[in-house]
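Each of the next two complexes has chain A plus one more chain, namely chain B in the first and chain C in the second.
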Partner chain A sequence: MSRPASTSFFSPRRVLIIAQSTVTQLVRMKVFYFLAPIALLFLGMQHFDMPWYNGPEALQPEQELRMHKNICLGAMMVFSSMFAIVSTALLIPGDIEDRTLYTILCKPVPRLDYLVGKLLGVMAVIFIAMLVMDVLMVVTLHYRMEAKLVDAMEYMKNIGYPEREIEAGRADITSHGPTLILQYGVMSHFLKASVLAAVALLISTFSTSTLFTIATSGMIWVIGEFQSIARDGLFQDPVLGDTPGLAERIVGTLISLIFPDFQLFSSISDAAARAENILPADMAQLGWLAALYIGIYVVLSWFVFSDKEF
Partner chain B sequence: MSDAAAVEVKNLVKDFKGAFNGGKVHAVKDVSLRIAPGEVYGLIGPNGSGKSTTMKAVLGLVAPTSGSCAIFGRNSLKVDSRMEVGFLPENPYFYKHLTAAETVRFYGKLCGMRGRKLKERIEELLELVGLQDARNRRLKGFSKGMLQRIGLAQAMVQDPRLLVLDEPTAGVDPTGSREIRDLILELKNRGVTVFLCSHLLEQVQQICDRVGIIHQGILVNEGRLDDLISLENRTELILENASADLLEQIQSLVDVTHESKVVSSGNARTTLEDLFLRETKSKPARDRKERKPVSK
Partner chain C sequence: MKRFKTIRNLIVIAGVLAGTGYLRMPHEQKFTEDLRERRIMQPRIPSETWSEMGQTSLAGAFGGLRSVMASMVSLGAYDHFENSEWYDLQKDYEVITALDPYNPFYWEHGGWHMGWNAASWARRNPDFSPAKRRIMELKYIEMGDAFYREGLKYNPDAKKLWFEMGSMWSHEFKRPDLEKAADAFKMARDSGNPVYRRRYLFTIARIPGREIEAYEETMRLLRENPEAHLRTPTFRSLLVVLATNPNLPEDALRPTIDQVFRTKEKAYQDLYNYRQRVLDVDFYAGQVDRLLKELIVELDVPDTLNPFVTKTTARIHTEKWREKYENE
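What follows is the complex of A and B.
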């Protein structure tokens, strides 16, 4: 019998096989059922007007649309972040507990392939779920925007606004509809959820229970959301503008390295909800930052997992 | 490296951290063993004796504290060595969301198989382990015996030269157990090396060429099964259709010699396993009447 060829250090094909299996696993666990209440929320918002809303002149239609976007993006953020943590925390400890991992690692599968495959599988499911939610948001927002546009145009014409101002109003309302900038907001939540999945992956490699992984990842999520505010408050006097000391700088840097700064992701989403201009370069920078975080957490996970005994 | 042993364990020591005071638990103490290609080797010992730890070290799932393990000359800790090995863990669990065919396909793909070759291999293996009818059923509905069979199929998917089986017949009914035993013997005939541990000593005796006995982490005895269990000062003679006269003559011949004596005589007995298989395979249960055991 001829001697088999050596196994490559990292094989994208094997990673893909594990990722596909993870997607199948999560889909058959019926995780997409969670989308049903979100769909109801998005559809229900169509029929929800602010209580003080009383005609197009009382409140800018932009505010209605912004509220719609804020709720949609907020629901997407909560769903994707929680899903990233819980699903990643369930997968690897689950494989260890029921010894499925034995049979996988006894095949020519490097441990890095296994980890990256699991992470990509979770990210793929988050992507699909966010795509569905995104379509729902775009459709509902489009119809709401159209309705507001008709109301506003009719009102402006009736009271004799000049054509130039009517067009400016139209452009303003349209900018709060489904635009590319809004997609940047959705993308920022996807990137954030992916980073959270990588955090949960790292914790699950040394954690002894699913509950510990979920709780710790949740804690890191909260710290990540508020760390920039905390850093500003702790290390800089907003009035005097004192520069922090060496020890404070070290602590601040360590916090930034250990805990991802999720505020950066949220700021893009907030800007998207406000229909502010977001440059593609800003998005590219956010993408690189997310990739860097994910890369660091995957490498750390690999260090821990490569020496793990079962 | 064609003369390399299928499994070579050299001075394996494995310590685990104790629960208290940083003490150590010595799971395996200086175990050395060598399994030649094509051999069926059984590692037996009581619970907690170090069998599973030795197997895990061979598979690279635990790193030796000292010593080394190699599969066909390749260090067990290297991923390359796993191309040659198939493993069936004790009480195996697989992804319950997959069907039988999907499970074998998944493990086949992990071994780099694809296309028609993989498709044919899946069919061949499902037939071999008797799960063709359950090929599209999800594993969550499988019995323990069926899981054991699918475990064997996934272990064999890449046609490995070495099979490591941890309690391969645990939880399997006597019919399935016999089928697995026959399968191991068939694999042996095909030149596959089998390294197994089992509590069913009778089965180990039936299929293993060599046996190692491990106790408290030490390999206390090892060798060819025939050598280990034969009693040099005793001889067994089994006769068929022997008349009472013939037996009397044999007895009187033995009595003449003063060095020998007949220790026991009587009807040879079948095994309970054989009896069970005969009773359950021959006729439908309703047609059967109570009958005496058949004497040979």
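What follows is the complex of A and C.
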């Protein structure tokens, strides 16, 4: 009599299979169709000039490029964050509804594998979508930057800028084109969307309705954006700043302890659009923070999901 | 049993989140302060600005789209500008600059709308009494100045803000305050833009008593980039006219017409136009009349182009000059 094969606590292979099936599931929901209006927006941006940019002396190439990046990164952020919440919120109830969940869980598949697989599947779809949007942004931005560079160089030469200043101007405009720093901005949006997906995963493990999961995750997103304001109050210098009252301190502490700080992610992306000097160490710190958040939410999801009865 | 489980789960979730939150909070704060210090994170929005922000801007600020929202509000603000709704425009720019304070463009535009557009509107408003026109115009100019100065606090390297401030205070059709303008242009004279570098000179050359300083500034500019500055007619004229100042030291370099101008005709054209600027906006006169009279004799200039015979406020343009001079 052969002994039944023991099931390992966590199997990357199983996780990968579940992630693949999640990607297929989401692709069948035609999520990538969303990219068509995004592509139109990015291409349309090429021909969108501000009303006050006319005339060579009003030339503001950095400003136009900054606007281009802002809109592209903003669209990416809205898409990725909303997609992370909605798709994750739909997955577990969807699996229950079409009874896929029962066929998976009756097999020797630990629930942790199922949850991690689902999360990775959502993250993979977000990653692919963001990659496509990123390529679109880089291409359109490159062409726009080249055009602005030609105009600006001609103007600078005409009014007699010294050679080294022309070079500095060129470097300045190029820094607003497709650079590694801009990619940091895209990455920070991806990390933020991943954290939001993990939040939605946690909520969907105990929520009884998809709508509740979406609404609650959306609220956590909003609160997370101003978590830093609440936290700032707690760390305020009592001599230099306004010290908050007791009620404000209690609310501030609760918000700071429980909710993630999404402002950090948004700030990196915002700074990327401004071509500020973001360091790889900043990205490492942000990545570490995102991993910590995702880790906490996944473990909690597992805790709730492990003894859930269907 | 199910309810007990749900409550237990919620307590565990809250406990774990609070516990891990307690551990991560100081790190998040340190990271935030580091990013803020390095201008990567935008400064906090002042509490008084929160109340002025519309729902869209608030949603944007909360959604982490501060720069995008600033761009959008600035597009909306353009409508207020077109409709001369200055109060709304001012409030819009307060919100825009609070959302994206590290973008000098918005400070520059806020200052321009207030100090130039709103001020001109007040100056020409037929519904106001002359006294009110003057008060309102000055009020808007001061508002523009305040915008530029506030922007410089956030963007100390933005030479364009100094330049715009100087332009506003030196404009002949506004309420010129040349000392204020000179102070602003002085801060922009190390910019890479040769136009910005020259404006300090052009301003102090209009202030009585600062002629020697203006002469020294001309020499400084000549040494640093002669090619760029000698292209400018006013600079060429100042180079010659400021050197006619009798109070200059004996050994001061005094460029002659032949050294500065390509031809005598060109010298006459530039000095003629410079003389008009002396009459219009009080540029340093020096001995421009003497120089012109010498050239009139030397070039046998027709009376129509002789400012001592034919009074005119018009400048001579190259084409007009050639045409008239050759025809006569």
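Miscellaneous remarks
Going forward, the second predicted complex is superposed on the first by the 282 of 310 C-alpha atoms of A that agree within 3 Å, B and C clash if a C-alpha of one lies under 4 Å from a C-alpha of the other, contacts with A are read in each partner's own complex, and residues count from 1 in each chain.
Quick note on the criterion: a residue touches a chain if its C-beta (ideal position, glycine included) is under 8 Å from a C-beta of that chain, and two chains touch if they have at least 3 such contacts.
Since the structure is predicted, the reported quantities are computational estimates derived from the model, not experimental observations.
Partners chain B and chain C fit side by side in the overlay (superposition on chain A). In the superposition on chain A, A:M67 contacts chain C only, with no contact to chain B.
One geometric descriptor of the composite model is the angle centred on chain A: between the Cα centres of chain B and chain C it reads 160 degrees, in steps of 10.
Legend: residue contacts after superposition of the two complexes on their common chain; A:R170 is shown touching neither chain B nor chain C.
Contacts of A:D307 after superposition: both chain B and chain C are touched. In the superposition on chain A, A:D282 contacts chain C only, with no contact to chain B. Between chain B and chain C, C contacts the larger number of chain A residues.
Touch criterion met: A:T103 reaches chain B, while chain C stays clear of it.
The superposed three-chain arrangement places the nearest Cα atoms of chain B and chain C 5 Å from each other.
Comparing the two interfaces of chain A, the one with chain B and the one with chain C have residues 307 in common.
Touching chain C in their complex are the following residues of chain A: 50-52, 60, 63, 66-67, 70-71, 73-74, 77-78, 159-162, 165, 168-169, 192, 202, 206, 221-222, 225-226, 228-229, 231-232, 234-235, 256-258, 261-271, 273-274, 276-278, 282, 285, 289, 292, 296, 299-300, 303-304, 307.
By the touch criterion stated above, chain C contacts chain A in their complex at residues 5-6, 9-10, 12-14, 16-18, 20-22, 24-25, 27-29, 31-32, 35, 38-42, 44, 61-68, 71, 75, 78, 102-103, 105, 109, 192-195, 225, 227-229, 231. Looking at the complex, you find that chain B touches chain A at residues 1, 56, 59-63, 72, 79-80, 82-87, 89, 91-95, 97-98, 106-107, 109-112, 151, 154-155, 158, 161, 164.
Those residues of chain A lying in contact with chain B across their complex are 1, 3-4, 6-7, 13-14, 17-18, 21, 24-25, 28-29, 98-100, 102-110, 307, 309-310.
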